[in-house]
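Okay, so chain A shows up in both of these, paired with chain B first and chain C after.
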Partner chain A sequence: MFDNIINGFSSILAIGPIIGIITGVFIGIIFGAIPGVSAIMAIAIILPLTFYVDPIIGITMLLAVYKAGIYGGSISAILINTPGAAASFLTALDGNALTKQGKAGKALDISLFSSVTGEMIATLVLIFVAAPISIVSLQAGPIEKVFLLLFAFTVIGSLAGDSIPRGLLSCCLGMLFAMVGLSTITGASRFTFGVTELMAGFTFTPMLIGILVMPEVINTIRNRTAPHHNLSLKNSKNRGDNRISFKEFRSVFKTILKSTGIGTFVGALPGLGSSTAAFMAYGEAKRTSKSPEKFGKGSVEGIAAAESANNAVCGSSMIPMLTLSIPGDDVAALLMGAFLIHGLTPGPLIFFEHTETIYAIFAGFLLTDLFLLVIAKSGFGFFTRVASLKRYFIFPCVTIFAFAGAFTAGQNMNDVLILIVFTIIGYGMRLVGLNPAVFIIGFILTPFLEQNLDQSIAIVGTDYHLFFASPFSWVFIALTLFFVYTSARSKKKRAKQI
Partner chain B sequence: MDRRKIDVVISTCLILMSLIILTNDGLSEGGVETDLGSLFLPRIVAGLIIIFSATIAIQSILKLKRNADINEEDIISTEGFMGVNIYIGIFILYWLAVPYIGFLIATPFVMFAVSYLLGGRSWFAMTAMSIVVPLIVFYGANHFLRVFLPIWSLA
Partner chain C sequence: MKYINKSLMKLISALTLCLLAGVASAEWPKKPINVIVPYGAGGDSDLTTRVWADAVEKELGVPVVVINKAGGGGVVGTSFVANAKKDGYTLINAGLGNMLVTPNFSKTPYNFDSFVPVVKMTAVPLAVVVAKDSPYKTFDDFIAAAKKKPLTQGSWGASSSGTILANIIADQAGYKPKYVHANTTAASMVSVVGGHIQSAVSFPPAFGPHVKSGRARALVMNQKMADFPDVPTFSDYGIKGSFEGWSGVFAPQGVPQEVVDKLIAATTKVMKDPKVLQAYANMGAVVDFRQGNDEAWIAGMQETSSIMKGAAEKAKKK
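The block that comes next holds the complex of A and B.
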């Protein structure tokens, strides 16, 4: 494994990948810092640009956008109390309180250092855990994979959002849309209604941009009368307020480690995501803190806990994707799409079929943390100015990038029509409480389910009891029931509290 | 707008659609014979859609019948919808126009219109952005990505 890691570093330490990472970090921080624009939007818009470069450059660039975007969310959270990403809600609570005390520099510093520490540790966990898990998961045959995928669908559908039926319905709709076009198993054309353009199914990129990105633009248009907040970084006369000292960092280091552990664990479970990790870590840090009364009123420890946990999710959310082909959240689903577009099928085989590429991507992950640290630390002022751009400059550009991105996928105008149709569907789904991210996960995983189901039937023939002969099947059935039960119970409890 | 009523309408549509999938063999054409058949998984999914849609619809109907207090999450605000309609209209016009007048001519108008819709009144900056950004995108797509965005084809 160490040989692979060293080879990975030798592949990533070239001009192309490094330019990709630097570009990704810049784009990620800027998009993350702009309120109303998220990292996922940045990844979806950048995705078509990566079609034409080497997978190592393209994927590391997307991962850099992801990591930097999650961090970037904390800038607007701290400076104007508007989290750029949902996971930065708690950072806004303490960070903005510090800003009001004239200690914005300190808040930005601790947020950056905690983010980078959390990300780096989670990435190391990913590197050292993913390959061994993939060896175990290689033992799984088609039958086990069917149960694994059913487990993933159920858990993601029931954990995401506020209502289990709506989550599961979103997943089913995604599955149904994935089955439009020629069946990869039988070659039959399904749900095409004689339209030849539908034979190849819905093109992934325009659908993705339509479902995940454009509804954000529409939301901004709906709220276009809301006042614009300028981000500004005011330095205090007291130098100690503008930075975090080594002593202060050391005092919260234990919290960072603990929160990173929580973030890494939560990220590795499908369906929970960075917001859950941030809330859990923040709660735990407050519970064990010597000064819990400061939480919510400008606690450095609070920022450290929330930021290290939500950034740790970035690395660990790749574990189920790379080892079991299960994207844990919307960003992982998007990245899984990117892997597939680049000809890399996430799953246990990726470690054997594309060893050099995957370890180069891991090395890129670690390198991204270093670039994020340097670029963000030296450019707080620049990023706050760029993120203050008025929305009427940002969103027309997003519209055009979305159009060009959709067109790029197949170089035809039908893909732009797909973009428009899925923009309307994506926005409609949000309005009625369906979950677009779960829809995308259902869309991506269905071909794998269909393939494994077909192979399973070929194996068992008419002896259907063989489906339940493997202990894996029972483990996944039990896990599915457990997750659905606990999710239903916690949602009921929450509803009662409200 | 009351989301519970919309839930009932959407659920009914989804249930009807699923029933068509369950009963109509003509939705799949050609292909080889397999143990499962081409419509096995779509029909399983259609069955699940019926179950989940019915659950959502029944919950909403019960709430409506009880005259239960409407929660915040059950209200769909229609504020700002006119802007959304205009935006989608602009996008559809853009899609229709680009194959004829080309990306470089259509895009500045679209960018300017979206800027204006978002409340932009800095005429010079908006005009400059609307001209420069399409040029950069067109040039970048053409030279770096080998993506040839549509050009004027009326001649």
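The block that comes next holds the complex of A and C.
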């Protein structure tokens, strides 16, 4: 095993693969950071180009784009509150709150360090214990996933803020919007009112930008004449506010480890994706935090939890893909295509048939983390300088990127309409006190829940006891109940204090 | 980069178009060609199309850009192409689902006749798959058990090509499966291998790796494949019909014949390239190259379409 890894390193440490990784990291960060353009687009575009190079170079480059892309989303999320992807929208909540306090550097630091740590650990798990984990993950079928998703929904408790009823209402609205379009199960059109364009449902990226980003722009316009309204990002003069000290990092290290664990676990279960992992980790971090009231208002711990969990998914979604040829999410599916076209059929045999290539790719994973750390860190100065421009320079650009991003993702004018409609809805939600973040959670999790629930019902038929037949289910039922109980109790406690 | 290139190219070609307005379209292609894949990136249709696009690009001398317009079970992307300009610069990745199944089962703004078949690159035979420790060793065992008590069968949506073909098979064999709908056939293979469902209908790109590594067993499939020499075919069990998914490229009805001819010529060349053939074989697809003027192919598709129409009417009556 160890000699394989060392051999892997010796074949990755060559000019070709290193240039591939560096290019990949650059492309990934740029595509990830621009709102509306995602890493998956970058991968789809450069995939055919990699047919002509050695699989080691081609595949490590694609993976570098993937990892850097997931990370890149957090840069714009933190600095200008425009989460480009679902996975980084929790980072935007806390990260941008820190930026508004003048602590952008701190937020960027913690998101980079926790991303890289999460990825690194998940990659090590992939290298050393992929096979046993994949066997366990197979035990989680549709029934188990229903309970796991119900558990993920409990994060609403920690995001809903002061009013649980309003939080629940926002979530239900999100669920309702998620149901628009052609049902993947029955093929029936739901809530489309005969409009063909609605058959695809609401495209996620424009909706996300509309709900979370554009209302911010409207707010800035509305407050333009307000006195004391700061027109630009202020950077604290205090050096300590702009970096993360070792002490701070150590204090959140436990959260990072736990969130990485959650991310690795969810990533190894096919089909749940990085947002689910980030929600669960964030909820758990808030529950166990010493200062839960800070979450959503600039908590370093919150960023650490969300970022390490969603980046851990990058590494561990490779586990079911490589060992069982089961892609965990859409990016993994694309990467599996790349493996197949290069003649590397994923499956347990890949470790014996292509030992050298596969360990070189693993070594490339670890090297990517290193390059990501260095390249991203050296770019921070530039990123913050761009973001410190006056707001009347930044926000028109954000608006252009938002519209261009909405269009390019699907090359579809309807997506621009979706963006406009959801900008209005998102702004309206703020006015009446509904919670946009919880709305998004409802929207993201509902399709997964519906799909798995439908499958479970078909499997169970009339043997209802099957719902509770596996220990997996029991663990998640217990966790869900425990979570609901503790968040209700802490709410009561806080109410008493006030 | 490609996006920047593309928009630049678009601008330049738009300008030249203005200048050359009136000149006959003899020079097709002179700007990038878009091929719409009506499903997400990374699926079988997407990969098949990407390999094709990449290969014909060199023959045609202009970029052939693959664009994913997913959603609505392929309806959104396909309708987009049906309504696009008939200038040969917007093509559609066609398959069993978006051409023959969905138009018959759902209300769509297009039908099979809205398109001109250009080429078919690959076919994937449908198979019935069970887990390795399943008690059903042969398709006969499976039929016998399924007749006694409905078995769960993984598919991908009640009006998907998978379920409709599975229904035709089940009708002839005389059993009634209990469908479990995942969103992709790859996802239902996970449930088979994990022991959560008793069987699934699937295509080689999804089940191939599982069967080759011994985690799953294909009981029966549409046609013999070199990779699975011991698997009997449906006709061995007296089940009639063609149960295969396929992937090709169609153009909207009304494109100049010259465009279709040039595309066929370019594809004919690249389908001899061993690199392209190897890429398709690696994906688990069977190369089944057909040209748009192949009447047997068109007749076969029309027959399948009418079978689907019958099945849809039957489903509505229930």
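Everything that follows uses one rule, which is that the second predicted complex is superposed on the first by the 275 of 498 C-alpha atoms of A that agree within 3 Å, B and C clash if a C-alpha of one lies under 4 Å from a C-alpha of the other, contacts with A are read in each partner's own complex, and residues count from 1 in each chain.
We take it that a residue touches a chain if its C-beta (ideal position, glycine included) is under 8 Å from a C-beta of that chain, and two chains touch if they have at least 3 such contacts.
Since we're looking at a predicted model, the values are computed, not measured.
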> So, does A:393 touch the first partner chain B, the second partner chain C, both, or neither?
Replying inline: first
> If you stack the two complexes on chain A, which partner ends up touching A:319: first (chain B), second (chain C), both, or neither?
Replying inline: neither
> Should A:433 be classified as contacting the first partner (chain B), the second (chain C), both, or neither?
Replying inline: first
> Which of the two partners, first being chain B and second being chain C, lies in contact with A:186: first, second, both, or neither?
Replying inline: both
>> Quick one: is A:143 in contact with chain B, with chain C, with both, or with neither? Answer first, second, both or neither.
In response: second
>> Applying the document's definition of touch, where does A:341 land relative to chain B and chain C: first, second, both, or neither?
In response: second
> Regarding the shared-chain residue A:349, is it in contact with chain B (first), chain C (second), both, or neither?
Replying inline: second
> Once the two structures are fitted together, what part of chain A is touched by chain B and by chain C alike?
Replying inline: 48, 51, 185-187, 189, 408, 411, 454, 458
>> Going by the contact rule set out above, which residues of chain A touch chain C in the complex?
In response: 40, 43-45, 47-48, 51, 138-143, 181-182, 184-187, 189, 196-197, 199-201, 203, 270-271, 320, 324-327, 330-331, 333-337, 340-343, 345-349, 408, 410-412, 451, 454-455, 458-459, 461
> Across the complex, what residues on chain B touch chain A?
Replying inline: 3, 6-7, 10, 14, 27-42, 45-46, 48-49, 52-53, 55-56, 59, 73, 76, 79-81, 83-84, 87-88, 91-92, 94-95, 98-99, 107, 110-112, 114-120, 122, 125-126, 129-130, 133-134, 137, 141, 144-150
> Once bound in the complex, which stretches of chain C touch chain A?
Replying inline: 2-3, 40-43, 46-47, 50-51, 53-54, 66-73, 75-76, 79-80, 105-109, 152, 156-160, 178-183, 186-187, 189-191, 193-197, 205, 208-210, 212-213, 215, 278-279, 282-284
> Which residues, counting only chain A, touch chain B once they are in their complex?
Replying inline: 48-49, 51-52, 162-163, 165-166, 168-169, 172-173, 175-176, 179, 183, 185-192, 217-218, 220-225, 390-393, 395-397, 399-401, 403-404, 407-408, 411, 413, 416-417, 420, 423-424, 427, 431-433, 446, 449-450, 453-454, 457-458
